[in-house]
Structures are given as structure tokens and as C-alpha cells.
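One structure follows; several queries about it will come next.
Order of writing sets the chain letters: A, B, C, D and E. Residues in each chain are counted from 1.
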Amino acid sequence: MNVSLILIILLVGAFATYIAGDKLASKVALFFGISALGCSIVLLNHFNMGENISFLCQWINQPNVSFALKADGLAIAMLLLTTALTPIIIYTSFGTEYKNSKAFYSLILFMSFAMVGTFLAADGILYYIFWELSLIPIYFIALIWGNGDAEERKKAVVKFFIYTLAGSLFMLIAFIYLYQQAGSFLIEDLYKLNLSATEQLWIFLAFFLAYAIKIPIIPFHTWQANVYQKAPAVGTMLLSGIMLKMGLYSIIRWQLPIAPLAAKEYMYIFISLGVAGVIYGSIVALRQKDLKKLLAYSSLAHVGLIAAGTYTLTIDGLRGAVLQMIAHGFVVVGLFFISEIIFRRYETRTIAEMGGIRTQSPKFASMFLLLVLASVALPTTFNFVGEFTVLYSLSQINVWFAFLGGTTIILGAYYMLKMYQQVMLGETNTKVFADVNFKEGFALVLIIGVLFFFGMYPKPITDLITPSLEEILTQINRIN
Amino acid sequence: MNNILNEIGIENYIFLSVILFSIGVFGVLYRRNAIIVFMSIEIMLNAVNLLFVAFSTYHQDAQGQIFVFFSMAVAAAEVAVGLAILVSIFRNLGSIDINNLKNLKG
Amino acid sequence: MNTLIAIIGLGVLCLLFEIFELRKAIVPITIIGLLAVLGLNISEFNSPQSYYNNMIIVSKFSTAFSGLFIILTVFLVALSHKVYENHQTKISDYIAIKVFLLAGTVAMVSFGNLAMFFLGIEVLSIALYILAASNRLSIKSNEAGLKYFLMGSFASGIILFGICLIYGAMGTFDVTEISELSRSAELPVWFPIGIVLVTIGMFFKIAAVPFHFWAPDVYEGSPALTTALMSTLAKVVAIATLFKLLAVMNAEVSSSFQIVVVIISMASMTVGNIMALRQVNVKRMLAYSGISHAGFMLMTLLSVTNAAGSLLYYTSAYALAGIAAFSVILYVCKNTENEDITNFHGLGKTNPLLAAILTASLLSMAGIPIFAGFFAKMVLFNQTIQAGYIALVIVAVVNSIISVGYYFKLILAMYTKEPNEARTGTPFVIYAVAIIAIVLNIALGLFPSLVLDLLA
Amino acid sequence: MSTILIIFCVLAAVTVLTAFLTIFSRNPIHSALYLVICFFSIAGHYLLLNSQFLAVVHIIVYSGAIMILFLFTIMLMNLNKENEVHKPRITRLGAIVSFCLICLVLLTVFINSKPIVGEYISTGDDYQSIKVLGKVLLNEYMVPFEFASILLLVAMIGTVLLSKKEKTEK
Amino acid sequence: MDTSLTLLLLLAPFIGFLFNVFFGKSIGKSASGILGTLTVVVSFAASVYFFMQINQTQQPIRISLFDWIEISNFKVDFGFLLDQLSILWLLFVTGIGSLIHMYSISYMHDDENMHKYFAYLNLFIFFMITLVIGSNLLVLFIGWEGVGLCSYLLIGFWHKNQEFNDAAKKAFIMNRIGDLGLLIGIFIIGSLFSTLDYDTLKTAIAGATNLNMYWISAAAFALFIGACGKSAQIPLYTWLPDAMAGPTPVSALIHAATMVTAGIFMITRLNYLFDLAPEVQNIIAIVGAVTSLVAATIALVQTDIKKVLAYSTVSQLGLMFLALGLGAYEVAVFHVITHAFFKACLFLGSGSVIHALHGEQDMRKMGGLKKVMTITFVTFLISSLAISGIPPFSGFFSKDEILMVAFEHNKILWFIASLASLMTAFYMFRLLYLTFFKEFRGTAEQKSHLHESPALITFPLIVLAILATLGGLISLPTNSWLNEYLAPLFTKVATEEHHFGTSEYLLMLVAVIGGLVGIGIAYAKYIKQNLVPEADEKITGFAKVLYNKYYVDEIYDSIFVKSINGLSTFFRDNVETTLSSLVFGLGKVTNEIGFQGKKLQSGSVGFYLFAFVLGICAIITYLFLAQ
């Protein structure tokens, strides 16, 4: 059994969904999404039994590009995140009618395909291809099925596309440069390179540009809030739940081990950027009028912390970052789904137009609250495990980093509770708010369940990712 | 048999040819009448032909002159096509002033 | 050589068909004939040989590119079928000119003597002048024809001057002899000047800055099918010929000349892309896009010794995407006066398949994976970095980013705007050409080695 | 200064002068006539270089065919009036600038180059009689020769295409 | 056995919580209340069992369930530690918890969301137990944040009122400020000692030879900040008075008896660490003393019955911190326990009053209740005497010990504490007099409904009053059971036996006199002179400052909240748009260049050729003339 199977399932799924036609599309997509999840669980099993599920074959001879998929613990963790979130995201869309839904769901699966590919690729060019490929579907999803004024949306989406593409093209140059040195794009060969400090710095920066825009790290985040706001709920979930993680994952997988000297040399700067993102994102989130924008900035804050964690170059930082990535993926999908549920009933995302919902829909209120709590990293939620580990790693670098990064638990609580209060509490709203139906509830319960289960028992994931992170760490600490 | 270039010098032919070529270029830029512009292009081609013959003598080699034949054929073909285009423009516009042809720009 | 003869024969056949009143059969027969020629051409691939006193040298390079040209011509001829429906009396002329044009292009990539090179380029040019002006009732077409003609003959003059100087320096037109001589003796300055002048003439043909000014005007004014030909076939031929010229005649291009190439390449990309941003006419936009692609293709000249494969790949990717794009444009703008972007509004709704094809081809041109355009750029960047011109690559990358801006303008128009007219008719040929072209493009993207290793 | 050089100088002067006059004449017919003179003087150069055949061909093709074509077109379009408005000053300036530039640049390049020293080669073999030219053209240059016919064919079809009125079918 | 019993102890309230969440509505109000109460009683029973056991064996029980969080240099397991300290806490948490649950059944009976109330209350107990029995700092942190959450939920229980929600939010956020401190403390401890486990930490500190005092002080300080947040000390105390927005039993349970003592619990837990940081101890002592004084002064003039009690709580907590700062952990613990008894009683009593008055909390509209609500009055009186430090009530013993310790260390601190005690006596009796004595000042309608509360309310009052009376017995000055019981916890075992001499008796006397003076002043003002506090707008001078709580809320608001919100607006409106327009601007500029460039493409062949020629000249010049 090898890991390329999952890519095939998703790709076939994308085509099958398109062929299935508008009526069946959502169900077919869900079916393939779940089978991809099943497949990845089977893969996990095989991996845990010590089988080699990686895949390698020559693709292009000149330049030497291979179709190499590497499934170590880290990749499998991200694979699981993607394949678990994809069906959930598809499932959340069941309450909304999308026109031309065959194309819509097909694009979702295609995006999932590209993202899985990004996580698994072990060849620079293959990785880059998947990385870019994932941009196309989200571009169309946001463009065609997005909301708000069409002109505004167009602007935001095109800016997003060009901006992210701009960043990643420099990464391509970096890869090609590395290829000149190594004669291969394979990640192992790139790890082995003996680069001078200057070379490493430039390569590090080229990678950083790509990742900083994708993640996003301030000040490269300007595309984010607008796109999150304009994209349809599903698009936002894909973007924030999984796609952001591509950048963070790539830092760990590619940037740090390839240019460790630069990472060490300029560690403080990059951690500071991440931490600045935490504070800035949190503060900006405070006064947002649009629910999705608020969540976007909260996401900015959270990923800032994760990025800071990765740049600590400690096992705790990396592990915490990965845990937090997964946790954040789930919680942010849940929160965007919440905003979608409200939108389905009130046709608005403006916070000021909400309020007084809790009395009408206790179940919804509870689930929302649980997600808010997870988002502010209350202990026993998965987010706490990640955030704690990351903050701990920051404290190992400098306690002040931990302190500044830790302001997220104060500011995060502030804006999330403020938002919760404005959206949910207060006098009963005059507009009727039907409580969550079974479909919505089921999706939310799944997400909450995952968050709390791994919050209490993160060991399976920790055990899964730790060996590969340690391996990466030895690469980072190799002596050139 | 003496090479005639011993008397004149290949440089002179090159200079003459360059000047003639430049005159052609000048004409193309200077005039608005498309016919004269065509003529200027013919001057350019003839300048080159002249140089070909001079080089042919310089190398005592027939190929240069052969090339002149081809160049003449090309010139004839070009003129034929060019004038055909010109005629159809004249039919449409009633003028062959190339300054009037500025519909396509930007 | 056989390819060339067969193509000319096919051209004559076309003319004969007119005489025998078999107009309906011309397009199918030509396509079949061209496919046969393609087979013949492939059969020559592995038997490099020179013919008739080195007039024609058949090499892997020439056959590979000839193959590409033949495929492109097949597409273009197939598209003619629909376009010239209402010009039945002229159809044989059109097709014959295109076939002869193909003969010219084949001569250009397989020349062994500068005379063949010159005649080939003239056949190509004259055919293009005619095609550009072929819509004789349209003032735009006339203007395009005349502009192209004036500047083209000017460029021909420059090329001729260059050839003359090369002859003056070498005393021969035979490229192998020139190549040997250029390595041995001390040369008069005439030779490098000649090379430079010929190169400039070719720069004009591929529309590199600052010799690009004709391109937007001519592309816009010409009938769409001719524009398709110019932006795909003609450009590809020109760059291939220039590449061959430089590769064959002087093994090492001097470093200062390389700097010139670098600057022109940068300028072409930048000017092309920036100017394309504010265009409303799609053909004009693609003209500018073509200028920028010319800049990219020029990057191969920096490593002539080993870049043939990547040039073939890049040109194939570009031309196939261009064919796909132009077939959609032909469909959309069939009944409209101009090719403004407004005509594409709502294509995503009225004809999703063609919209998807156009999107794919634009993405390929923009260099988004998995389309061939991406690998083309990647390979090019790889080679250029290897040659040590990382600054050029950075400029190229910045330009790729800019280019997305206008490619996406078109995509946005297709998907976000409301359609302003109902489109009817689903011409089979256009579908077929567009789909085959884009499928070939994607296939090249999936298996780049097929083409990349061809000329290794 | 040898006679040949003097002849060359005179011919060159005539060539350049008539070329200029071609461009400066306001009447297209005059231009055409000056151009004919120019072509004759170039033929004179050919004769000077002892390539009689080429000189004759040149006169036949250029003065005989091409110039007639020009004149015919001028007459056809009734352009023999001096009605052309001069181009704006900036254009003329541009033309003069580019003339000077290209002249200057090319001349400097050639002057700067190493002068050819010593005798020019002279094998004494016949290389430009009709006989030799014919042999070269139809042996070595057979393929380009044939290909030139394609060129002319294309030009012919093209001109026909451009001027043919369409028969409206159906 | 121990494990399962511990789990029962822990999970019983949690099961109650789950049950109430999912089925609370369907089983009816009383049933959900009874269920909620029973689960806590179960926990209480288990606690009692453990108490007996530890009294016999003296062996702490350690349970490790599973590895929870893995850090590079240590693993944190999900484990429990039941030793003397945690069992003591368990006893009064679950004990008072059950009483208050019971009380709530009646108190909340009219609320439609009673099942939710009990769910939250149960959840609180669950988290409190987690906090107490966790075997390491991180499990403590779970409880720590968890009780904060429950506090949030219960303060904002009546969520239709946005002011209550604000109060709840404020409580949560200020707690979180402290939590950050606690987290940082945890980080420092983790990196210093590679463990978060109490036992391991204790041995590590004991065994360590070369300790980094700087970092230990930093850790202690950070932890202290955490304690400040939870236990409402300066500067993080302002949430507690606002927290009175919640139902009164909640105030009794969370904001008086249990949750707010978590800080004291934590510091006591880590006494061996704090002992190493004398500077931090000094800070703790000073902060405690100042807090107790400040809060007492504010309480002097408050008119809201619960606010007075809230400030009183802050003040008493300040005294406990004073004791902690002076290293007298057992004394602090002692005061925690007695305080839990009498303050819970006071809150519940006030709840009873409020219940009787249908939600009226303003003392100016009370009065004369002693006749109607006899039981409430008596219990209230007992508790007031206890808090005022009048012998033989429990408060006397605990407070006296604090004062004594303070006197030993620092006379100024002693003076401040004594002053605070005097004020305490004053405001408590002010409260008592205004509420229960003289004539009723409320509306006639209220008067007609006045009644003694039902047995479910009075029973807990009585029990607590008894405890408030007798609580002092556990640690008599001469023979302290508590000190012995807690002895294993402390490293500095032999704080030399109090040799009780004249000075001690003198101090005791001073304290009692102080208390009596306070009562006396209150008597003079509110009984003799029959004063009633003036209406809000008439308050002037220093009283106004006090009445407005030194304007601390306003100051905080303008310094922190306003500035952060202003910053947010600034970022949103200026920085974001600027950054955004920078990126957009690049595109716009490029576009504009393209637009201007179109002019170059003039359509004139002449110009095109001119450019052509220039290009040729430039290239040739560069290649052949420039070199």
C-alpha cells in the first residue's frame, strides 16, 4: 500500500463529483472525502506498523525531478488533518444551496488533493506544484461562490492570488538555486547541501516570503481578512483550516532544515514577527464589525504564535506548532461554520446586527461557547496543549517572548468573549433564530469532540509526530 | 587579372553602401507617402546588393552575386505584395498617407 | 528535406484542388496531408543528414521543431475551415499560403545555407503580410498589413545587410563553413556586426523590445486567425531560427552580447507585461503577452549549447496554449466587430467548457502548474540560473507575477460578469482544436521529459 | 588617383545624390525617375566591378519591372500631384537624427575596424561570367533557386488574394 | 480502590454536570437541583473518607492516570495528589459546596434555567476538585482556568443583562491576566527543574545545591501574579466586586469560600519555592496588607449589601496574603477555612435577605429584618462577630494569628492589618445594623412579602454559623491541630513553638479591643444616631472617593481598555488600510505605468521605426564602440 493512493482517490473524486452532476455532487464529494479519510487512517495503521508507505519514481530527467512522496509522522498528521477536515467541510455545506454545485464540490476535492500533495511531497518541484495548484481551486471558489459585492470580491481575491503567487515564485527560484547545488530536488539531497551563510540567508528569505504571505505573518497579511470575508464559508474553512497550515508545515519541512544557519542567526527577528502578529492580530480583532473578519484576525494571531513556535528551533516549538496547527484547523473551521450558521438564519455577518441569540438556541449557544473556549485555549482543549507547548518553547528562548506571545490568552479571551457577548447574549433578539438542526449539530459535535478528546489525550498525535520532528531537528542542528 | 578592388578599396564600397542604406532608412522615416517609403526600402535593398557584388569581387567568388539574384526576387515579391496592400488601402481610404494609419494604437 | 518537398507538394495540391473545384475537400485533405507529412518528418528524426550541398540540414533540432510547426499548422488549418466558410472562393488561396508558409518555416529551422535562411524568412514574412491584410475590406486589416509590411521589409533589409556582412567576412554562405571559420582565423569586424544585425532582424520577428512596436498593432488589426498564426507559429519559428542561427554559426556568444540579450529579455518581459495590463482588446493583450514571452524565450540564448530542449518545450507549451486561447477567441468574437474583453463576459456561464479551456491556456501562459507553461518557465529559470544570470530570473519572476494580473482580468470577465448575449452554435472544429491543444499542453505538463529529452 | 577610382567617385556621387532626390522630391513621379537614375548608377557600379550579367539583370528587374510597377501604381492612384503635406517637424527631426545616428555608428564601426592590409586576392579564375553563374546557381544553389519560386508563387497568390473580389455564393 | 474513589470524587460532579446539561430540562427543576446536590455530597463523602484515611496513614495518595503533555525535558502526566493540604481543601470545597447546592435548590427555584445553573455549579465543583487534587502545576492549571470559566458562566448567568455579561467578561479577562503570570511561572519552573510535579519539584529544590535565585524569584513572582488574579489582590482585584452580578449562592461559593482561595492554595502548595524568594514574599506581604486596607476602606461606605461583602472578601484575602508573605502558610490556611465558613454564611445570609426582598440589594432600603428573619439574623450576627474577630468565634483565632505573625515581622504591616480589622468590624456591623435593625425602609409591597426563608435556605445557614462559631477550635493558639496536620507540607518545620507570653496576650487584647471599637462606632452611628447612608449624589469628599472605589475602575478603563480599543481602532482604520494600500499601490502603480505607456504605442510607423533604429544604434554602439 503506498501513499499515492490517497492522491488518486481525491483526484478521482474530483472528477467523479463533476460527472455526478449538480444533484448528487455533494454526496459523491462527501463519499470520496470520507474514503480519503478512511484511506489515510489505513495508511496510518500501516505506518505505525513500520511499513514504508513512501513513494518514489523518476518524473523528469532533465532537470532531475522525481515524483517523491514521503510519509513520515509529521506528513501523516497533516494528511489526517486535511482528510478529516475535508469531509467535515463538505458536510457543513449541506445546509447551503450552491449553484453549479458539481463544479463547487469538485473544486473542494481538488483543493484537498493539492493540499495533501503539498504535505506529502518530498521533491522540491513536486511540492511547489502542489503548493501552487492549491491556489487555483480556492481562487475560483472564492471568486464564483463568494459573497459581498462582486467588484470588491474580485479585487480581494485577485490580490490574494497575485500576492501569494508572488511569494511562492521566489521560493521557486530558491529551489532552482538549490538544485544547481544539489543536482536534485529531493528533500534528502537538499538537506545534505553545504551552503554558505549568505546563501542560506537568501534562500531562507525567499522561502520566508512565500510562507509569510501564505500563513500570513505580519506585515504580509493584508490579503487575509478581506478574502476570508468574501469567500464562501467553505472557502474560508479550507483557507484557514488547512491552507494556512501548508505554510507552517513548510517552514518545518523545508525552510528550517535547508537553511538552518540563517534560521539560527536571525531567529529573534522571525520570532518577533510571529509574536508581533499575535499582538497585532488580537488588537485588530477587537474592533472588527464583521464576524468573519474578526475570526480572520484571530486566526492571524494564532498562526503568528505557531510561526513563532516553529522558529524557536526547539523540539517543543516544533511539536507545539504542529499540535496547535491541528487544533487551530479544527477550531477555526468550527468557528467559521458558526458564522455560516448565523448567516443562514440572519443573512448577515455584521456583529452589530446580532445579539440575543442564546435564549433562542441553547444548543447552538453551548457549542459556540465551547468553540470560543477552545479558541482561547482553555485547558482540556487541544488548543491548550499546542499553545502551552509553543509558549513553553518561546520561554526557552526568552521569557519575554513567552510573555508577549502569552498576551494572546488575555487578548484572545477579550475579543472572543466580547464577540460572543455581542453575538449571543443580551435581550432576546426580535428575529427568530432556529436552533441548530441535526446536520449542523453533528458537524459541530464532531469538531468539538476532536478538540476535547485530543485536549485530554494528545499522546497519539504527539507520538506520531515526535520522531519525525526530531529527525528534522537533527537536520537543523547538523554541522556543516 | 587584377582585382579591381585594389584600385578602389572595399572600404569605400562599404561606406557607400552604408550611406545608401542610411538614406533608405532616412527615407522610410522622412516621407509620409507610402510609395516613396517603398522606394526607400528598395534603396536599402540595393545598397546591400551593391555590397554583395563588392564582396563577391573581394572574395573572387560567385556566391555573392547569386545571392543578389535571390535578393532581387525577394524585392520583386515584396514590392508586388506591398503595392497590392497599398492598392487595397487606397480603395478603402482614398489616400496612401501612412500618417492616416493610426487607428491601431495604445 | 523530404518534409519540405512534401509540404510544397501539398501546397501545390491545394492550388490544384481549386482548379478542380474541390473546395470542400481542401481542408480535410490538407489536414490529412499534413498529418502524413508529420509522420514523414518523424521518420526523419533519427537520421540527421544534409542535402543538396548543405542547403538543407536535417537534424534532431530541425525535425523536432518542424514537427511542432506542422502540428500548429494542422490546428490553424483546421480552424480555417470555420473561419473561411463565407470565403469559399478564396479558401484554396488561404490554405495554400499557409502551407507554403509552413514550407518557409521548415526551411528556416533546417537551413544549411544563409540563402535558404533568407528565402525561408521571406516566404514566412510575405505570407504573413498577405494574411495580415487579407481582410481587404477592413481598414484595420489593411493598416495592420501595411504596418507589418513596412516594418517587416525594413527588418528584412537589416537581415540582408547582416548576411552581406557575414558573407563579406567569410566569403561563404554555408553555415558549417562559417562555423569553422569563425573558430579559426582572426575575423574582420564585419562578422560580429553581421551576426548582430541578423539577430536584430530576428528580434524584430519575435517582437522583442525595442523592436516590438509592430506587434500589438498588427495583432489587433489582423483577422483573428492570422493573429493566432503570428502569435504562435511565427513567433516560435523566429525564436527557433534565431537560436539555431546563433548555435550554428558561432559556438560562443560573446559575454557582452549576452548582456545585450539579458537586457533585451528583461525589457521585453517588463514592457510586454506592463503594457498588457491596461488593454481592453484581447488580441492586443495577447500581443503584449507574446512580447513578454519573447523575453522569456530569449533567455535560452544565454545557454545555446544545451538549451535546445527547453526552447522546444517552452515554445510548444506557449504555442499550444496560444492555439487553445485563440480558438476560444475565434468562437467568441466570430460575430463581433472587435475582440474587446466585454465579449467574454459571462462565458463561464454560457459555455463553461470553452471558458475552462481559455482559463487553462491563460494559466499555462501565466506559468501555473500543472500546465506545461509552468515547467517551461521552470526549466528556463533553471538553465538561466545555471548560466549565472540570477538577476534576469528575478526580473522574470516579477514579470510572471505582473502577468497574472492581466491573464486574470480575462478570467474574471468570464466568471464574474453577466453574459451580455446568448451564444449559439457549438462548432465542432473549434471544440476539437481547443480541447486537443489544451490536452496536449497538459500532457506536456504531466510528462515534460517527453519533449525535454528530445533534443538532449 | 586612378581612373577607376574617379569613375567610382562619380558613380557614388550620382547614386547618393539621386537617392536623396528620390526622397526629397515632392512629386512621386519625379521620385520614381530619380530612383531609376539611382538604379542605373548602381548598375554602373556593377559594370565597374565587371559583373556585366548582374548589371543587365539589375536594370531589367529594377528599372524595367519594379519601377514600372511603381509608376503604374502612382498613375493608378493619380498621385502625381504635389499634395503631400510635410510631416511635422518632430518627425523630420527624428528622421534626420536616425539618419545621422545610423550613418555615424556604422561608419565609425567600420572605420575603427582593422584596415585591410595588402593585396586583395585575385585568383584570376572566372567567377562571374554567365556560364559560371549559371553553373553555381543551378548546381549548388538549386534548392534556393527552386525555393525562390515558392516565394514568388506565394507573392503571386497573395496579390491575387488581396485584390480578388469575392464571388458571393448562394 | 484509591484510584477509583478519587475518580468518583472527581467525576461525580462532572456526571452531575453532564446529566444536568443533557437531561436537566426534562427531569424538572427540583430533580436537577437535588441531583446536583447529591453529586457534591458524594464527593464530600469521598473527601471525608480520604480525610480519615490520611489521618491514619499520614501517607499522601498519588495517582497517575496517563501522560498528558510532553515537553522536551519533562512529561506532564494527568495525575492526582491527595495529601493533607488537598484533602483539607476538598473537605471545605465539597462541604460548603454541598450546603450551597442545597441552598440553591430553593434560592434558584424561580429561575427557568435552573438546570443550567446546577450544571455550571457542578462543573465548578469538578474543576475546583481538579485544581485541588492535581499532582502537578498543569493539572492545577486546568482547574484554575476551569473555575475561571465557571465563574464567567455563573456571573453572567442572567445573560440577558449586558452589564452582567460585562462583569463576567471582566472577571474572566482579569483572571486570565493572572493566568498568564501563572503560566510564565510554570514555564520558568519547568525549565529550571524539568518538572512540574509537586513532589519531584520539592525534592529537586531540596536536593539542589546551586539554585539560580534570580529565576526562582522570577518564577515566584510570576506565580504570585497568577494568585493575584485569582484571589483578587491589588492590582487585579476589581473584578471581584463586579462579580456580585451573579446569583448570591455563587458569590458565596465561588467568590468567597472556594475559588478565590485558589491563589492561597497554590502559594501554600509551593511554599518551598516561595521560601527561597524572600523578596517576593515581602512583596506578597505588602500587597496583601495594602489590599486588605484598601478594600476595607472601600467597604466602609458601600451601600450594596453584596458589594460590602465582596470588598470584605478582598480585604480578608489580603490578610491571608499577608500571612503567606510572612511565611505563615498554616495561618493563612487557617484563615481560609474560617473565612470560608463565616463568609459563606454571610453571603448566604445576604442571599436570604435579598431573596426575601425580591432582589433588592441596597441597604438603604432595608432595615428591621431581624424580627421577621430571625434565623437569618442570628446566623448573620454570629458570622459578623466571627469576621470582626470577637472571641470565641472562629475569626478571632485565625485573624489573631495573622496579626501576631505580622507583629513579629513588621510593626507597620501589623498596624495596617489591625486597622483593616477595625474597619472590618465597623462595616460589618454597619451592614448588620442597617439591614436588620430599626425600621424597614423599603416599599410597602416588599414589606408585605417579608418572610423567613424556607428550611432549605436556613439549614445551610445554621450549619455554617455553627462552623463559624466552632471553626477556631482546629487551631487553638496553644494547641494547634491544624499546624500538626499540615506540618508534613512545609520544609521549615520547626517554626519555633509559640511560647505564649504576655506580649501575645496583649496583642490579642488589642485586636479584640480594635474589633469592639469598630462595632462601637457602627453602633454609635447607625443605632444611636440612626443614620442612614446618603443617596449616591449627596456623597461628597473623601467618602465619594471611597464610594467610587478610588476610581480604580475608571482609571483602569481609561488606561488599559480605552487605549487598547483606541489602538485597535487605529490599527483597523489606519495601519491596516495603509498596509493594504501599499500592496494594492504596487499594483496600481504598475497599472498606471501600463496606462501611460500606451501613449508610447502611438500607432505611428515612423516612431516605431525610429525606435527600431535607435535600438540598432544602441546595440551596435554598446557592442562595438563602447569597448
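Here is the rule we go by: a contact is a pair of C-beta atoms (placed from the backbone, for glycine too) under 8 Å apart; a residue touches a chain by one contact, two chains touch by 3 or more.
The model shown is predicted, which means the values in this text are computed figures rather than measured ones.
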Using the touch definition from the top, how many steps at minimum link chain C to chain D? 1
Common touching chains of chain E and chain D: B, C
Relative to chain D, chain with the most remote C-alpha centre: E
Of all chain pairs, the one with the most contacts is B-D
Going by CA means, which chain is nearest the middle of everything shown? A
Rounded Å distance between chain B and chain D, as computed from the means of their C-alpha atoms: 5
Could you work out how far the Cα centre of chain B sits from that of chain C, in whole Å? 27
Cα centroid separation, chain A vs chain D, in Å, comes to 70
So, in whole Å, the Cα centroid of chain C is separated from that of chain E by 78
If a residue has to touch 2 or more other chains to count, which residues of chain C qualify? 115, 119, 122, 126, 129-130, 133, 136, 147, 150, 154, 189, 193, 216-217, 405
When you check chain E against every other chain, which residues touch at least two of them? 587, 598, 601, 603-607, 609-610, 613-614, 616, 620, 624
Which chain D residues reach two or more other chains? 87, 91, 94-95, 98, 102, 106, 109-110, 112, 116, 140-141, 144, 148, 151, 154-155, 158-159, 162-163
Check the chains against each other and report every pair that touches. A-C, A-E, B-C, B-D, B-E, C-D, C-E, D-E
Chain C-touching residues of chain B, taken from the complex the two chains share: 10, 14, 21, 24-25, 28, 34, 37, 41, 44-45, 47-48, 51-52, 55, 58-59, 61, 63-64, 66-67, 70-71, 74, 77-78, 81-82, 84-86, 88-89, 91-93, 98, 101, 103-106
Chain E touches which residues of chain A in the complex? 155, 159, 162-163, 219, 221-223, 225-226, 280, 283-288, 314-316, 319, 356, 358-359, 362, 366, 373, 378-380, 385, 388-389, 391-392, 395-396, 399, 402-403, 406-407, 409-411, 413-414, 417-418, 421, 424-428, 456-459, 462, 466
In the complex, chain B residues that touch chain E: 25, 28-29, 98-99, 101-106
Which residues of chain D touch chain C in the complex? 109-110, 112-114, 116, 139-144, 147-148, 150-151, 153-155, 157-164, 166-167, 169
Footprint of chain A on chain E - complex, ascending: 21, 66-72, 78, 116, 138, 141-142, 144-146, 149, 152, 156, 159-160, 162, 165-166, 169, 172-173, 176-177, 179-180, 183-184, 187-188, 190-191, 218, 564-565, 567-569, 571-572, 575-576, 579-580, 582-584, 587
